[in-house]
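Here is the structure we will look at.
By written order: A, B, C and D. Residues from 1 in each chain.
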């Protein structure tokens, strides 16, 4: 068995019509894979403390899920947890790490920086805006940084994905994030355009002025329907 | 005249083969950016002769996010959020440093309640940071259990801080002009419980790790950093104090409530890894005693002196203010042109950027295993170094 | 000599030999049983030990360890094994391919061969070689070959450093381990493992020989922990120094073999230790106290062996989760300047004891 | 040392030294030609003994077409601090290296070169430190342009 150097998922491809043996074997394999997700010790910044270290610590104890065997070598790891900001200088290394991992490999992006660049989107010349610009990501765990519980949820989500048959994917194919079905008449492009519009509109309002504004101007803002600027100003 | 700009390749050309037939060839090894003991993504380019380290070339910037440039795009209050993400293990102290820089530039006086709470918070965070360092130091020497013991106790502090600040790591609690919120009603009770809990645990740390003969063998006399070089390299914090230099801003330029509490500055003698270890253990004890002195004497008063939305626009000029964080001196240089509500230039003098270079002086001549111990004793946080 | 019970030793090899004149098939059946049994035993043992290690470590560290896979995570090792078997097996492009492929098997081979001569109970032993001790010290040296080959063939500097460290370490500590074994050989006067066990009917060698036994027990324990690369001597794969040492470039199945070999080696060391110093499957007897000895005899020998071995395994795990790692030169200093001289003196003392018959409960 | 005394002592070293206003602490401006001798006096003079270079950076005053180099100094023996600044024109950014006085200057100057493109004379190892060797431009200059850089919308 050990001499098989080909990627195994290929010969476990389901036959059309389905075979009982293969299907139940697949279930067993998925069960083994989802219960033994060994992470790679990889953390660039803040998220590493919460996601790599605090989860392993006594209070949260990721060992309960069998995922505490952090391997320092990418060859032996199953899941690459991108914990922290990825900058341009790190990007090739991250790519190499991903290439070095053995199939099946999974990627969890934790924290705002790994998802989108987070607080470093504007004004930073070196931050990569999201690790998925470099490698495919399976699960996104939001937060800055996410709480350990949040990471567990991400891990359980990944386990669910594997249980539902993600092992049979072709290793070379990069998956797109799955979107819920949109209402008729609305495309993805519309949402994106609206979002951009909203963001631009919001950014044009001086937040401090909004804060100092009189009740009259606040009402004017409310009437104009630009509620997002109000949300933003209370947060600041 | 022309000034030659070098690149990394210039440094890594293999040296000429030595004449002696018994001589061994030196070789280069990349330690990092993905290496378990570089605490993130620091890369050390090692020139090795067998196991012995001949030269260390730190290669930084694997998490350089352009914090200073980002700062030029943000308002002063917004930049406090950024400071959390720099040295995330002393987030509150970073908040305080930025707030204090802004307060100094704008000449705002805070009241005693604010300063007391800030001091308690900073010392709690110092303990928290050193607990994590203790665990990681153990792990780097090959003992895994200290790491979990350190984290077990760290969670207690995290819980206390979380109740008040609402966050576990990036607290963003101390703001220019005061504090984000008032203390949680349980704060005092819980802190006292924690002090009673943690004192015996420090003894446990010593029985488990400090008194272990292998630890002594591994760290005593290793990586000596003498006082003169330490000052010249500009190291600060426990690294400098371990070399016997009494440089603690809490004593030298007291801020917060440090002038009103009694504590001793932990000092080393020789500046080896063991001294750096001992200094931090001692600092935890001192921090406990500082908190103990302050926790019952929090005066009444407002916790925010600035109007929440008020514009912060310091007068034109340069101002520099620094503070003692868990790793050393964090200096914030603010340059305002007096016209904008954003800084014209913000320079961050982070402790780790200076501390890391001391390894080029201390590590050569030691083994790879010692290099790991020395590096760990510097207690680096890479995002703080790269900014 | 006052024998209360005579233990009838019968190995599987003997049974096969006895059955040969009557029926070739029965003999072949015994041999097949031995082989399959040893294989299954090793695989199962590895899983149990890995699970035990994770649980024990967790409880040392105020954690719970695996909990979700089966009752209290009891199926965790099965999931891990299955996953590792089905993982992609990467051979680096610049690696020495053949050597890279065979290294894990070499490593496991050393461990497997030793299993064959371990007397687990009077009736459970694959082969009783009359040079058992010699065989063990010879065969367990094979493992280092696997490590060296793995480090060399990976074409990775970290692997190479790890392999060189492992080579230097194992070869050095082999000396002390063998010296400690020699003491027992002197005391019992035989190289055959079953005979060594039988010679401890009146008292285990660890306490029966005026301190010589306990000294060589400690030397053997230290040296063998070093030989199997466990903390505090795990410099060959020291995670914080060499990423993963000699097996940095291994993935999937082959990495699992290294992992398995490590745990099987731990079992073997513990088993040898309990056989030579703690009486193996022999119950705890005190000289001529017939009543006490009789009660002790009620516990089956297999259990005695398992109990003693698990105790030593627990001890080794305890070391791992307590001690930091030694540095490579300190490791060598410990061996050559401390353990080896003590070992020689101890051997000399043992010779004196044997010469003048100075045992407790002398022969 | 008191600020007044320190100020007169420092100004006595070099006649070209001037006090800079709009600062929070004692700040002395010196022409770039006299910088190195001035700083080495500050470092070696036993009554001043500025043995620690806390921070060194540059400020890009693009409106005046110059860089202002800032040296934050501190003395661990006398516990006093001061700041030295100097100006270099944007078209000829050459400053003497002070890495022979303070070892940390070697790396702080590398950072300033990396971010501002200031060249240092007699620097032992001048190369980029935080960015890649092949990086185009110097990001902390006010006129830095980058396809990737997003301006925060006003």
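By our rule, contacts are C-beta pairs under 8 Å (C-beta built on N, C-alpha and C of every residue); 3 or more make two chains touch, one makes a residue touch a chain.
Model, not experiment: these values are computed from the prediction.
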Lowest number of touching-chain links that must be crossed from chain A to chain D: 1
Pair of chains joined by more contacts [C-beta pairs], B-C or A-C: A-C
Length of the line joining the C-alpha centres of chain B and chain C, rounded to whole Å: 45
Between chain D and chain C, distance of the C-alpha-averaged centres to the nearest whole Å: 64
Inter-centroid spacing, chain D versus chain B (mean Cα positions, whole Å): 24
Shared interface positions of chain C, touching two or more other chains: 61-63, 239, 243
For chain A, residues that touch 2 or more chains besides their own: 58, 72, 89, 122-126
Per-residue overlap in chain B, given as positions that touch at least 2 other chains: 35-36, 61, 64, 66, 69, 73-74, 148, 152
Touching chain combinations (by label order): A-B, A-C, A-D, B-C, B-D
Partner chain C, residues of chain B touching it in the complex: 27, 29, 35-37, 51, 138-145, 148-149, 152, 208-209, 212, 214-215, 217-218, 367-370, 372
Touch list for chain B against partner chain D, complex: 1, 3-11, 60-61, 64, 66, 68-69, 73-74, 104-105, 229, 231-234, 245, 247, 252, 315-322, 329, 331, 333, 335, 344-345, 347, 349, 353-354, 357, 361, 386-387
Chain A to chain B touching residues, read off their complex: 41-46, 48-50, 53-54, 56-59, 72, 74, 84-85, 87, 89-90, 93, 97, 119-120, 122-127, 144-145, 147, 207-208, 210-212, 233, 236
Chain D to chain A touching residues, read off their complex: 131-132, 139, 144, 146, 148-154
Chain A to chain C touching residues, read off their complex: 1-5, 7-8, 28-29, 31-33, 35-36, 58, 61, 63-66, 68-69, 71-73, 75-76, 78, 100, 102-104
